[in-house]
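Next, two complexes with chain A in common: one pairs it with chain B, the other with chain C.
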Partner chain A sequence: MFPDFLEWPLETWVNDGLDWLIINYGGVFEAINWFVLQILLQIEWVLKSIPWWAMIILMAALAWHAARNWKLPAIVVASFLLIGSLGLWDLAILTMSLMLVSVLIAMAVGIPVGILMAGSNRANAIITPILDLMQTMPPFVYLVPAVMLFGLGKVPAVIATVIYAVPPLVRLTSLGIRLVDQEVMEASRAFGTGRMAQLFKVQLPLALPNIMAGINQCTMMALGMVVIASMIGARGLGEYVLTGIQRLDVGKGVAGGIAIVALAVIFDRITQAYGKRMMQHRSK
Partner chain B sequence: MKLKATTAALALTFAFGAGAAQACELDRSVKLADGNWDAVQVFNSIAAMILEKGYDCEAEMVTGGMVPLFTALGKGDLDVFMDVWIPNNEEIWAETKAQGAVELGVMYDDATEGWYVPRFVVEGDADRGIEAMAPDLKSVEDLAAHWELFQDPEEPGKGRFLNCPIGWGCEQRNNAKLEGYGLTETFVNFKPGTGAALDSAFAAAAKRGKPVVGYYWAPTWLLGVHDMVKLEEPACTETNADACAFSNTPASVTASAAFVEEADALESFFANYKTSSAEVSAILAYMQENEGSTREDAAKFFLENYQDTWTNWVPADVAEKVKASL
Partner chain C sequence: MPILEIDRVSKVFGPDPASVVPLLEQDLSKDEILARTGHVVGLRNVKLDIEPGEIFVIMGLSGSGKSTLIRHLNRLIDPTAGEIRLQGRNILSANRRELMEIRQTKLSMVFQKFGLMPHRTVIENVGFGLEARGEPRKTRDETARKWISRVGLAGYEDRYPSELSGGMQQRVGLARGLATAPEILLMDEAFSALDPLIRHDMQSVLLELQKELNKTIVFITHDLDEALAIGDRIAILQDGMLVQVGAPSDIILRPATGYVRRFVGNVNRPRALRVRDVMAKGAAGEGTERLRADQTLEEALPVLCQNPEGVGVADETGEEIGRIDLAAIVGAISPPSDGKDDAA
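Here is the complex of A and B:
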């Protein structure tokens, strides 16, 4: 047995701290909730109002723009048709908007943090263990407090998804910048380039393929989170899968699962194709 | 060789002489269905302590969702499933029963379910400076007029009704009720995904003094800690079968047919397991109010403080052994 006197009351602190936050800062979290929800509802509204065929054409065009060949658009069209033919179009749109908002927030947070980590060894030493923590902490641990702070529904789902999905983006952004050749940096300094210009004109463009890989990872993890997010009332494909599992309706679970995989294929291939194009662009 | 056999025979006689409860009836552990709600988990911990200390059995708790647990019980992979609200799970129970399970007895019959709002919504709370938000909100029929109080941030044109998590028997009953009470126009039928999410939605609203309406049930720690009122519902008649009050639900102990066949003494222990909604709430409130207390602590609390209850479940010699272990 571990000696009692070495134990410390972490559980009590966390509970009291959470209570204190809920009671005293409920309004702040409500405001954040409102703000995130507005973005989400806007994106959802836009995606919902696009007719299915137009959505397929748009995404196929995006795929063509990314890959410049006809194979990728064909895969995208086939994946969307598969989702529609399973009768899951509307739910897939809900899941897509949840994922898009999560990825946008993750980019807004993750890329600057990655830049910070690349620029300072001290920041790197502080942030790395936090990222490790975020990647290994079981999602349920922060899902429930997220519900207590933000209420049930889409917003805590987005917050939890961001926590889950942002670490690879931060790491790859930082890695990409650190991998930029020192000689290139010295050369740009020799031309009298300022620090900011150096960052935006030299480091970031050269790090783009890595950042794109980070966005790709981030998107995949966000999609992986949708089933877990449905456990706190986020609607979409995850809820469909959860219903299937909880009612032991295996068919339903598999259909929902396949639709999630189809969405993953679409976004994985498109972001990867963009990453590849940036790589070619760089080598020119 | 002969000597060994004699010793074994002697040992056997000795064991029987010392009391039938010395050796467990099963040569394997007793498998208890560990559902994902507090009450069944505490029942399982209490039963496990009695099985281990009183009957010298091993107890094993198997976690899972409602449906998988029922399936396992029917197949005999699980022995006992306590706190089963059969009327809420009629269909799946019928299937499980047909596969090979029996109802051993009713544990308590005064459990209630219903649609709840925090008391401060109706009566206000002078201590916290909360004014009554809807003094005339008494029954489910009044909800339509007050939907704005419960506004759903995701669909601001409607109120939010917190239903049961998907997969619970009550979820579909609530769907039918929302329909029957004509509330689908004014309320979003919100399904929180898990019990933990439903709890935290209620608890957070109660702590912050915000209105909330949804399904909840007693006995639960939540209703012990946060003061809530149950909305009145019309009594059931022949014409409104879908949209009427929940009846008080009996909570049963169920067991697999194989277990009943194999273990008579254990069967009678589980069949005699009788408690009440009030006792269950007391245990759950104990857990909630004593931070860091485990379900085992709660089980111990029950065994220490409710001896008049549990000593009726078991023969006197078993009760003595359990008491001695406390």
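Here is the complex of A and C:
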């Protein structure tokens, strides 16, 4: 047996710490909760109020805009028809809105953090191990504190999803900016460009293909996590699969799984096509 | 008054550069300083005056510090010691805002690998310096268009750099550098990445433009033939130290050290030397045939083969200023033998 006196009560500490946070800063979490919920409800309302055929046309148009060919819109239409024909349209829309909100928040947090990391070696040294930790932690672990701080439901699901999905976006944003040709950077400085102008006119535009790859990764991971987050009360396709597991209903599980894959295909292909389009004129 | 004064500038790379500065005064080589202190000496007490309107070439091999030196002139790199004065004013004391303004109006730069923004079209690239100083789109595009046609790229305004050849890309780089109407143009190995024929074209483009513009141009190169072709004066840098500064003919005919002599050994002397450099000053003498003082020896040779006893020399205005004969040319173009002083 491992000697008792070498053990330390991490579990108690973490629990006490969380309690302390809730007692003293409950208001902060309430505010975050309210804010995220509002965004979520808005997006859900918009997506739900679009009729199914209009949604398909819109997404096909987006696919065409991304790829400029007819293959991708065809894939998108087929995927949506598959989801609808499985009777999972409404659930898919719920999953989509959770994913979209998570990705939007991840972008709002991840891209600035990536910029910070690219600009400062110190920030890089501090944030990199945190990202490593976030990426090695099993995704289930995020669910517990999310529930403790935000209760059950959609908001903790979004928060856990953001934490899970943001690291690749941060890393790729930072990498993209660091990879910008040094001579191009020198040229912009030599002509007297200020730091902000340099960021927005040179670094970010040139890092865009990498940032887009980060958004793609982020979207895929968010979709995966939204499914897992059904365990803490997020509704949607994940919940459908979860009931399938709980009732040993294989058919239900397979149908839900296929719908999730279809959603993944749609968003993966569209974001990838945008990334590819941005490579034009940006690589030598 | 010189437009640019580089006054005892030293640059040391390493964790504590200032601690190495006293060592620079001692008789220690770059390698000894590296072995002793772990610091790399980039530049060592460089003192240069650059006059307005001249093409000043700084030449040296890789590691000689030439690229480091040119980056001091617009403070892309700050020196460890010394002063840099632009029109009499020490630019090292300029704050961020003043420095930005100097870069926007007084100096511009052309880069070895062009340094163009790949996501911008030709016209947007050429207008970049104007954009940096906040000029509105309309005047920016107008000026950019003018310079694009000046460098011979009219019709390519809306192309992206990746659609252009290397030579064309550097024309864009040159147009961008000129568009801000700077007083000083810094060119960092601007033609080194181009193949020889295109490089020669670009040298001609530059000389052509310079005839009208009369800018001060600081040109970095590792190629002595290039330095001789375009330089009014040439400075030779070795291990961060200035070895010789002079007119092209000085460098060829009176190399200061064995290092310079080794460089000069491979030069195409008939093309680099001009009649003025080897003629005997004074009366033009007999004969009706005349050579111009600014012709190269290469151009003069056929004339002299016809008249081996000598030909009179006239300057640009037609005034007779001297005489040249075949023997003088042969003496000047035979490469010096190593170790001997061969001042002509």
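The criterion applied here is as follows: the second predicted complex is superposed on the first by the 273 of 284 C-alpha atoms of A that agree within 3 Å, B and C clash if a C-alpha of one lies under 4 Å from a C-alpha of the other, contacts with A are read in each partner's own complex, and residues count from 1 in each chain.
One rule holds for everything that comes next: a contact is a pair of C-beta atoms (placed from the backbone, for glycine too) under 8 Å apart; a residue touches a chain by one contact, two chains touch by 3 or more.
All figures in this text were calculated on a predicted structure; none of them were measured in a lab.
Asks: If chain A is used to align the two complexes, do chain B and chain C fit next to each other or clash?
Replies: fit
Asks: Now for A:A187: first (chain B), second (chain C), both, or neither, which partner does it touch?
Replies: After superposition on chain A, A:A187 lies in contact with chain C alone.
Asks: According to the stated criteria, A:P205 is in contact with first (chain B), second (chain C), both, or neither; which is it?
Replies: second
Asks: Who contacts more of chain A, chain B or chain C?
Replies: B
Asks: Go through the superposed model and pick first if A:D4 touches only chain B, second if only chain C, both, or neither.
Replies: In the superposition, A:D4 contacts neither chain B nor chain C.
Asks: Quick one: angle from chain B through chain A to chain C, Cα centres, nearest 10°?
Replies: 150
Asks: Taking the superposition on A as described, I'd like to know which of chain B and chain C A:L41 touches: first, second, both or neither.
Replies: In the superposition, A:L41 contacts chain B only.
Asks: Just to confirm the geometry: in the superposition, how small does the C-alpha gap between chain B and chain C get, in angstrom?
Replies: 44
Asks: Please name which positions on chain B make contact with chain A in the complex.
Replies: Touching chain A: residues 65-68, 71, 153-154, 162, 165-167, 190-194, 196-197, 200-201, 203-204, 207-208, 210, 291-292 of chain B.
Asks: Could you pull out which chain C residues touch chain A in their complex?
Replies: Within the complex, chain C touches chain A at residues 71, 74, 76, 99-105, 107-109, 111-119, 128-129, 131-133, 160-162, 176, 180, 186.
Asks: So in the complex, which bits of chain A are touching chain C?
Replies: It comes out as residues 181, 183-184, 186-194, 197, 201-202, 205-206, 281-284.
Asks: Along chain A, where are the residues that touch chain B in the complex?
Replies: Per the stated touch rule, the residues are 9, 11-12, 15, 19, 22-23, 26, 33-34, 37, 41, 140, 143-144, 147-149, 151-155, 230-234, 239, 242-243, 245-248.
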